[in-house]
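Each of the next two complexes has subunit A plus one more chain, namely subunit B in the first and subunit C in the second.
== the complex of A and B ==
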């Protein structure tokens, strides 16, 4: 069994101990397993937004689209609809996916585009050196909110469910084996798959100690992933305050037709021939 | 020159636009060149809409304010447009009351009442009115019937019946005979339709758009003709989604175009800059309307020239084309798509409401537009998405290609597509991208980039849809007209040639500041006078003639 090399020559510039390393390792392992199981490497495309997470595309030697802040999802959708044979995995930050790009997030879930979104959710802006994000708990003292964030955090799991996502999961950057499994399950799922990943920022918001003690696996507690109301209840169990138990695993999973299927109706954009003439249409204008 | 003009006016929802298009098709079948202008406020029901259709022996690219026939679906139409009538005009009025219009014949026919009596669909009234018009102009009834059959999908029998009824009435009030000319009918297209067809002929695969006047009809047209043109249309959440999906689709290998007006393009500007960095080809159609902000949504303007020329942070090459009629729209849409793909640059088709939504006779030769081959990677050796080449164009591959890892990025990058902050690499990549301009210019030197009409020492310089009125007025006054088709890269070589022997240069545009004059100034070309309007209305030759006499 050969393992495909995914190394690049790019120097890794994340802070030592960053939660992003866990996601990088899990993503690479998941891609390697997918390739071993038959997905051609050239058919895998990864994307990222802007923020610390974004550098992940430089660190994995596969097709990639280093996008703009908040814009991973429409770019990913464009790629998937132009070539549905591709496996499209987007990486984004919490400020990226849930702040700047939240309209795209809601609509990608609504459309059920067959792409994966892995959110590096560290509850802080890292690359801009420490401001509150859509998922920071109320009162978070960042550089833009020295008196404490005045807002309640957004609940991305509940938002994804409410928006119509057909696969909603949460992982933890320090739980590599579980995260590999989640990413692979998300890829195998046909439809929009969110994997929100608790990704502690060791420099600006080190949540490792808390999460390592308080996460629990939904699947070990027999959660029914086909029950929307149960998923919503689990989504509301914890919302970014460092209190209480934190569920990880698959919240919800259901099969629905994908955006590409509905849009393309069997057409294969890359294989469709160029038209030779427009005379048949011009005739309608006489 | 034999020519006829017909105005149809009524409320929004009365089917004025379609009736206008039917008039255009009637004259088209009689061998005339046609032009149709729609004037409508931004509302769905009520208000006052009118269509002005002009038919002439020669090609016409604008409407004539004077009309031979007014079809007044309400009294307001007569009140608003009576000034357009001449001594031999006819007013076809829907009503019983006899209304007086000085010097013109008024034919009051209670059309709505008749339609109601027969329990027909209210819109069949328009065919009734067209029947009267055909009778009064002695146009063969069979031509009208043929137009009804080809354009209407519903209530065809009722419409045919009313056409005949109207014809019999109109015959008794004939004002003149429209002669059939010895020309075959030709396609009548709007600017948006011509852009759609030109792009489709050049291999367009995706059209992505968010509704916005005057670009919505481009989305509607391609959506309605998807299967005939092998184009897939998508309507996403907003214009940012539109532009980013387009870049994604083009990255995956599909020729993609987006379309909007100035306000929507403002939202796409971030993505435009991305195409400047990641070198993914996308075509943007920008149909101007009066701005700033929401402005006057359903009227026309030419005030976004410098916006599209300068949109996007950073320095990167782009192509901006400016069609002035449907033939140019067809050719330039195809060229924009081909140039975008050959040079991996964004291309902008800058149009306006007057061209986008007016319909006119098309005479283009479709064989002149076809998909031109981009520079593609041949599977030998290592693939580098941003390989530094002599022309600056790196051979492309798309994800899914064995042996090629296709890394594109918004960051400055090395040849492989990995982020860099090294000064030598940054310099090299900026120069690689900017070098493409030289090769685009070389290609453009083989194309017609500036149109010249007429000759003389006094010339008018203009762009886009305004050229229609300008050329007609200039012909009458014996002036030369210069119209650049490309605004970026700016065809200085062709302008120089066009300006040879010109002693006086007059600029005509539809904006306040004289955007083209300002652009020309940066290339050392100075205009002597500017004729500008910014009331949302296009120039007509008659108005221009007066203004030109003042400055010539």
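== the complex of A and C ==
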């Protein structure tokens, strides 16, 4: 069976060695595998926010939506609710998802909308050249905090759990095989799925050396993903300080009714002439 | 007699010049969120705070909406307050912009003007501030880095004046001014408090005199609050005169609400906001030497709108070209154009006016473009009209 090409003509402008490359490679591989396993390519929609990560939609040749800073999740929710048959994958940065857009994060988890959020968590605002973000450790010396950030970081894994997310995971940009698996598991999960990805920023906060030494696989060591309290305990094992071991893998996974199931009860809000007629529409207009 | 202080000559980017003025203004609270192209302003301020050169609370908020909300609270508590943003950041602040002016919370905000989505663009135009035009803020425009510095200092004095008590925006063209290094004269630190004494807010939150801010006003009182806002803005021109004279005493630089070049005796005038004024002036000087009777004007103060000054200035010319770096979609043209049309109409001036919409999303407006526009203006004066009402400059169709 042939592998669908997701290449685009856009020139990649990320810094050489950026953790975003790992996420891009894993996302492409995951989409290719999903297509091979039967998901129509036309049914996949990806979104991004504003920040270095945002360019990912330029580099993957699928339906895409460039949203405003922080607004990946409401736009993703709108797309999913208008057409629940679509596979909706949002990419966001840590400033994007956990700062400017944090209310959307909480509410997407609370509603359990069947969408995936992959967060490029580099613990720094890279595109504006190095200020501290919601996940930067206290004391981080960024461009807006020469004497160190005065704030404790937010724990997105714990916040997702507390907000009611039904799939909560963490990946590492340098662990491609594991990240492909996580993204696929997140897509296959019915409900809101968070994949927080440790994504070192080689220019402003190079955490590769630390993470490569200190991440460990929850599933390899054994962890009950249906146990909320165990998930919360693992979530609190590490919180963005470059100290101690860093768990990656699936923290929590349970089945609950999704937002669109509860709201639509099988209705389709709009009958759209899509999927098999996309090429027909294109022929008409181009 | 004017006593010009010993100035220090230096060179800075527009963003740095604003930050330097804010430091000299000795602000108490700075709250902002990173966004290009204003980021350097708050970075410099954070360095001043970290180095102990500025004793202020520097807060990197979780969004622009939060940043400006922090500023409103701090301003009403009596602090001198600064923030800066651009584009989407200003759009996200929008509801609080109204609250800041109508709660009469003085603060200064630098806007490194940048286009709005979509499509995504980080370059200069004025769509961001024009979106905030009717929020009750005073809006000032710098045409170069020196003005960005000067207007920032003057903005504090103007907005905090007891007769005004309003927030002020200082607009500097994104990248064109925010990131351009230009020669700059700065006031010595000790001269600044003389021009700009510490903030003395008459209604600061005071536990011994409990008060409610922003309470509900029903139909029987709401309009009176809004009228007060309008009346405060009407007082701005006369207070500006005082502020401007006082600033001239320390700096030697004079700021009228509308600046102009060779308008007297010209047949046609081109009006623009921001850095484009410099380009137009540069070319107009040469064209005048060739005998073309064209002048150039720029509004240092866009809100409140300097109607009287413009009516006088344009009352005797034969044609006007108004340049807009923003557009009122579905409307008659750009916002500055419609303002000037209205000014001319209600002051009985019947002359042809052409609207040139240019430079959206940072599209270059070069010396060659300026020459074409100035020649077009002169031609309009000579022929007594323009073939079109609105021209989208240099756009592909």
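Things worth noting here:
FYI, the second predicted complex is superposed on the first by the 271 of 286 C-alpha atoms of A that agree within 3 Å, B and C clash if a C-alpha of one lies under 4 Å from a C-alpha of the other, contacts with A are read in each partner's own complex, and residues count from 1 in each chain.
In this section, a residue touches a chain if its C-beta (ideal position, glycine included) is under 8 Å from a C-beta of that chain, and two chains touch if they have at least 3 such contacts.
Source: prediction; values computed, not measured.
Once the two complexes are overlaid on the shared chain, A:263 sits against subunit B while remaining clear of subunit C.
In the superposition on chain A, A:79 makes contact with subunit B only, not with subunit C.
Residue contacts after overlaying the shared chain place A:132 against subunit C, while subunit B stays out of touching range.
In the superposition on chain A, contact of A:145 is made with subunit C only, not with subunit B. Partner contacting the larger number of subunit A residues, of subunit B and subunit C: B. Contact with both subunit B and subunit C is seen for A:50 once the two complexes are overlaid on the shared chain. Of the two partner chains placed by superposition, subunit B and subunit C are both touched by A:68.
Contacts of A:102 after superposition on the shared chain: subunit C is touched, whereas subunit B is not. In the superposed model, A:9 makes contact with subunit B only, not with subunit C. When the two complexes are superposed on chain A, the residues of subunit A that touch both subunit B and subunit C are 50, 66, 68. Looking at the complex, you find that subunit B touches subunit A at residues 25, 28-29, 150, 185-189, 193, 197, 200-201, 203, 205-206, 208, 225, 228-230, 232, 234, 236-238, 240-242, 244-254, 256, 270-271, 274, 278, 362, 366, 370-371, 398-411, 417-419. Looking at the complex, you find that subunit A touches subunit B at residues 8-10, 40, 42-43, 45, 50, 55, 57-58, 61-68, 71, 74-83, 85-86, 103-104, 106-107, 263-264, 267, 269-270, 272-275, 277-286. Per the touch definition, subunit A reaches subunit C in the complex via residues 50, 54, 66, 68-70, 95, 99-100, 102, 125, 127-129, 131-132, 134, 143-147. Residue ranges on subunit C touching subunit A, taken from their complex, read 33-36, 39, 42-43, 46-47, 50-51, 58, 60, 62-63, 88, 92, 117-120.
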